[in-house]
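So, here's a batch of structures to check.
The following pair of complexes shares a single chain, chain A, combined with chain B in the former and chain C in the latter.
Moving on to the complex of A and B:
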C-alpha cells in the first residue's frame, strides 16, 4: 500500500511540476496539433477522408511518445541541473520507485497531446469523434500512457549515464514514430523493421488505440503492450540499480 | 586626456568604461574593412560555434543531426507512398532540403540564446565591432552544418529508396540546399533575436520547426493546403529552395530553378535584415531596462 501511495503521490507531484513549465505545456499542445493538421491535409490529399479520426489519434500518440521520450531524458537532466538527483537516489526506497513516477508523469503530460489533437480535429476540421469502441479507447489510452511510462523508465536508466541525453532523444523520435506504425502502416515498411516493431510497446499501444478507433480486437494488442512494458519495467529496475551503484562507486552521478 | 564615460547601468552592460579602442581596430578605420569584417564573421563564427555547440561529440552529431533527419525523410516518404499523395522524388528531395532546418533554425537561435544562457552575451555586446557582422557570422557554421545534413540525407535517402538523380543536377541541387540552409540560418537568428525579449525562445524555435513541416509544402503539395497556408509558406525559408531542388532533380535544368532559387535568397536576405534590426532594437531595450541577463 505504501508503494502504491509513493507511486501515486510521486506521479502527481511530477505531473504538477511538469505542468508548471510553459515550455512543456506549449510543446505538448502546439506541436502535436501542427502534426495533426499535417496528417489531416495529407490524408485529405490522398483521398482518405474517412480515416481522419485515425490520423488525429495517430498524431496524438506521436505526441505522447515525444513527451515520454523527451520527458524521461529531460527529467533526469532536470534533476541533475536542480541538484536533486543525488537526493532522489538517496531516498530509502528502490531507485525504480522514485524514478518511475517521473516517467509516468511524462506520459500523463503526453495525454494533453492526445486530447489536443482530438479537440482540434473536432473543432477545426469537423472530425466526428465516432470511436468503434469508446470504452476500450479510454482504457487503451490509460494503459498506453502507463505502459509508455514504464518504457520511459528503461530509457531513463540509460539516460542517467549520459550527460547529453536529450541528444539521444532527438535521434529516437522519428524512428519510433515510423517503426511503430503510428501514422504509417507497418505493412508498407521494409520487412526487417517487423521484429523491431514487434518488441516496442509503442507499436502495440498505437495499434490498440487504432483498433479502438476504427474497429478491431483491442484487448490482445493492449495485453501485449502491457506485457512488454512490464518487461521494460523489470529491465529498467535492474538497469537503474546497476547504474546507480556504478555512479555512486565512481562518484559520477551528478557528472555522468 | 579623454576619460572613458561610465554608464549608470554599469560597465558590464555598456562597455563604455574601456579605454578608447585604437583607430585601426574599429570598424570605422580606413583600410580593408570588408576583409576584416569577413574575417570577423568567419573566424568569430567558427569560434562561437565551437563554444556554443559544446555538447557535440561525433556520436551525438551523427545521431542527432544525420540519423534523426534521415528517419524524418523516411517517415514522410513512406507516408506519402502509402497515401499516394506524390511520388518519391517529391518527398525525398523536399525533405532533404527541409532537414537543414533542424541545425540551422536551432543553431541560429542558439547563437544568441546560448550566449545569454551562459552569461556571455554582455561580453559580445561590449565588442567594438559591428554586432550585426558578429551575429551574421554566427549563422555561417550552422548553415554549413545544415548543408552537410541536407546533402547526406539526400544521398542516403536516394540510395535507400532508389531515387535516381541526374549527375548534371548535382551542382544545382547543392546550390538550392545551400540557399535553403542560409535562409534557415537567418530565420533562426531572427528567432534568436526574439530571445533577447522573451524568456523562453526555445518554445518559439520548436514550434517554428514544426510549422516548417506543414507550411513549406514539403510534405503536402501546395494544391492540398489552404490558400493562406501557402501564402505564409511563401515567406518562409525552405519553400522556394525545395521547389528549386525538385525542378533540378526532375532534370529541368538550372534555368528552370533560377526563379525559386532567387526567391529563396531574397527570403534569406529578408530574415538577415530582420534579425539585424531586431537585435539592434532588443539590444538597445535590454540596455535601457537593464534586462540583458534576466532569464
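Moving on to the complex of A and C:
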C-alpha cells in the first residue's frame, strides 16, 4: 500500500514539475503537431485519406516516445542539475521505486502530445475522431503510458551512470519510432528490422493504439506490450540497484 | 541502538578517478580524503571545519552513503555505511547549503509531501509532521507558494524541514548557512541548537568559526584530506596560545610588503583577506614579541585604516592549524 502511494504521489508530483516547465510543454506540443502535419500530407498524397486519424494517433505516440526517451535521460540529468538526484537516491527505498515515478511521469506528460495531435487534426484537417474501439483506445493509451514508463526505467538505469546521457537519447529517438511502426507500417521496412521491432514495447503499444483506432484485435497486442514492459521493469530494477552502487563508487550522482 | 557512538569513521579514504581526453585519454587521481578517523557520540554536535577542497563534503558523503569509501570503514548508528545502506539511510537526514536540491516549480508543501513518502513517513502522520516542521522553520503560511519564488534563506529552511521529516537520529548539515543573511543565520543556529538539545546527533560543516564556536561540542579541523586537530572549541583555541595577533586594515598592499611582514622577527604567519577595496592583514606573532611597530614601519606609505592588537580567537587557532598543515 505504501509502495503504491509512493508511486502514485511520486508520479503525480513529477508530472506536475514537468508540466510547469514552459520549455517541456512547448516541445511536447509543437514537435508532434509538426510531425502530424507532415504525416497528414504524406497520407493524403498517398491516397490514404481514410488513414488520417491513424496519422494523428501515430504522431501522438511518437510524441509520447520522445517524452519518455528524453524524459528518462533528461529528467535524471535534470535531477542531477537541481541537486535532487542525491536527495532522492538517499531515500531508504529501492532505487526502482525512486526512479519509476519519474519515467511514468514522462509517459504521462507525453500524452499531451497525443491530445495535441488529435485536437490539431480535428480542428485543422477536420479529421473525424471516430475510433473503432473507443474504450479500448483509452485503456491502450493508459497501458502504453505505464508500459513506456517501465521501458524508460531500463533506459534510465543506463542514463544514471552517464553524464552525457542526452547523446545516447538523441541517437535512439528516430530509429525506435521508425522500427516500431508508429507511422510507417513495419511491413514496408527491411526484414532485418523485424526481430528488433518484435522486442520493443513501443511496437506493440503503437500497434494496439492503431488497432483501437482503425479496428483489429487490440488486447493481444496490449498484452504483449505489457509483458515486454514488465520484463523491462524487472531488468531495470536489477540494473538500477547495480548502477546506483556503481554511481556511488564512481561519484556520478552529483555534478561534482 | 547497539553502538555507543552515533558515527564512527575509521581510516576513511576516498580517491576520485577521472579520465579526460578522447584520443589520448589521461587518467587523473585526486585523493580527497586520506585516512580520516573519528567518532561522534550520541546527541553530540560535532563540527567539521576546513578550507575549500579540504575533504569536508566528501567525508560527509562517505558517512551518509552517497559515496563508497576507497578504503576504510564507517558506521552510523552502529550500521555499516556500505553493507547496511538502507538501515543507515533510515536513520539519517542530510541538509546541504545553496540553492539546489529542491523541486523549484513545486510548492514547499508538495516538496515535503513527496519526500515524506520517499522517506517512509506513515501517511496518517504526514500532515501533522509537515505542519510541525513548517512551523519550526518559519515557513507556515508560505507553504503553497512555488519554491522558485523563495529567497535563499527560505530555501535553506525548507531544506532543513525536508531533512527532518523522518525524525532522523543523525543529521548531516553541510554548510547550511552559506549565503544566508545574518538574521536568518542566527535563526538557523537556534534551530540547530534546539535540535541538538532534543538528542539529535549533528555533524556540521561550516566556514564560520563563530558558528562552530557557538554550536559545537567538539570540532575536527580537516585540511588536505586529513584531520589536523580535534577537540572542544576551548582546546582548539589553546592551539593559538603563545601567540598574539595584529590586524591591520589597509588599501593597496603590494605582495612584496606582505612578504616583508612574513620575514619580520617573531612573526609566525601572515594572511591577507580582500574585503572589497579594503585588505585585512592578519599577522600572527609570538606573544612575547611586540611586532606592531615593525608591521607599521613595513607598511609606511600605504593608506591604513584600523590597527588592532588582540588575543587569538578560535578563528586564529584554525588559521594556525591549517597553515601548519599546508
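The criterion applied here is as follows: the second predicted complex is superposed on the first by the 254 of 256 C-alpha atoms of A that agree within 3 Å, B and C clash if a C-alpha of one lies under 4 Å from a C-alpha of the other, contacts with A are read in each partner's own complex, and residues count from 1 in each chain.
Just so it is clear, a residue touches a chain if its C-beta (ideal position, glycine included) is under 8 Å from a C-beta of that chain, and two chains touch if they have at least 3 such contacts.
Quick caveat, the model's predicted, so the values are computed rather than measured.
Placing chain B and chain C on a common chain A by superposition gives a fit, with no clash between them.
Of the two partner chains placed by superposition, only chain B is touched by A:167; chain C is not.
Touch criterion not met for A:63: it reaches neither chain B nor chain C. By the document's definition of touching, neither partner reaches A:236: not chain B, not chain C.
Once chain A of one complex is fitted onto chain A of the other, the partner contacts of A:107 are absent, as it touches neither chain B nor chain C.
When the shared chain is aligned, chain C comes close enough to touch A:248, but chain B does not. With both structures placed on the common chain, the touch criterion links A:17 to chain C but leaves chain B unconnected. With both structures placed on the common chain, the touch criterion links A:71 to neither chain B nor chain C. For the combined arrangement built by superposing the two complexes, chain A sits at the apex of an angle of 80 degrees to chain B and chain C, based on C-alpha centres and given in steps of 10.
In the superposed model, A:87 makes contact with chain C only, not with chain B. Measuring only between alpha carbons, the smallest separation of chain B from chain C in this overlay is 7 Å. Here chain A touches chain C in the complex through residues 2, 5-6, 9-10, 13, 16-17, 20-21, 81-84, 86-93, 98, 245, 248-249, 251, 253-254, going by the rule given at the top. Chain C contributes residues 16, 64-68, 86, 89-90, 94, 96, 98, 100-106, 110, 113-115, 117-120, 122-123, 146, 162 to its touches with chain A in the complex.
Of all the residues in chain A, the ones that touch chain B in their complex are 22-23, 26-27, 30-31, 34-35, 37-38, 41-46, 48, 163-164, 167-168, 170-171, 173-175, 177-178, 183-185, 188-189. Taken in their complex, chain B has these residues touching chain A: 55, 57, 60, 63-64, 67-68, 71-72, 74-75, 78-85, 200, 202-203, 206-207, 210-211, 213-214, 219-221, 223-225.
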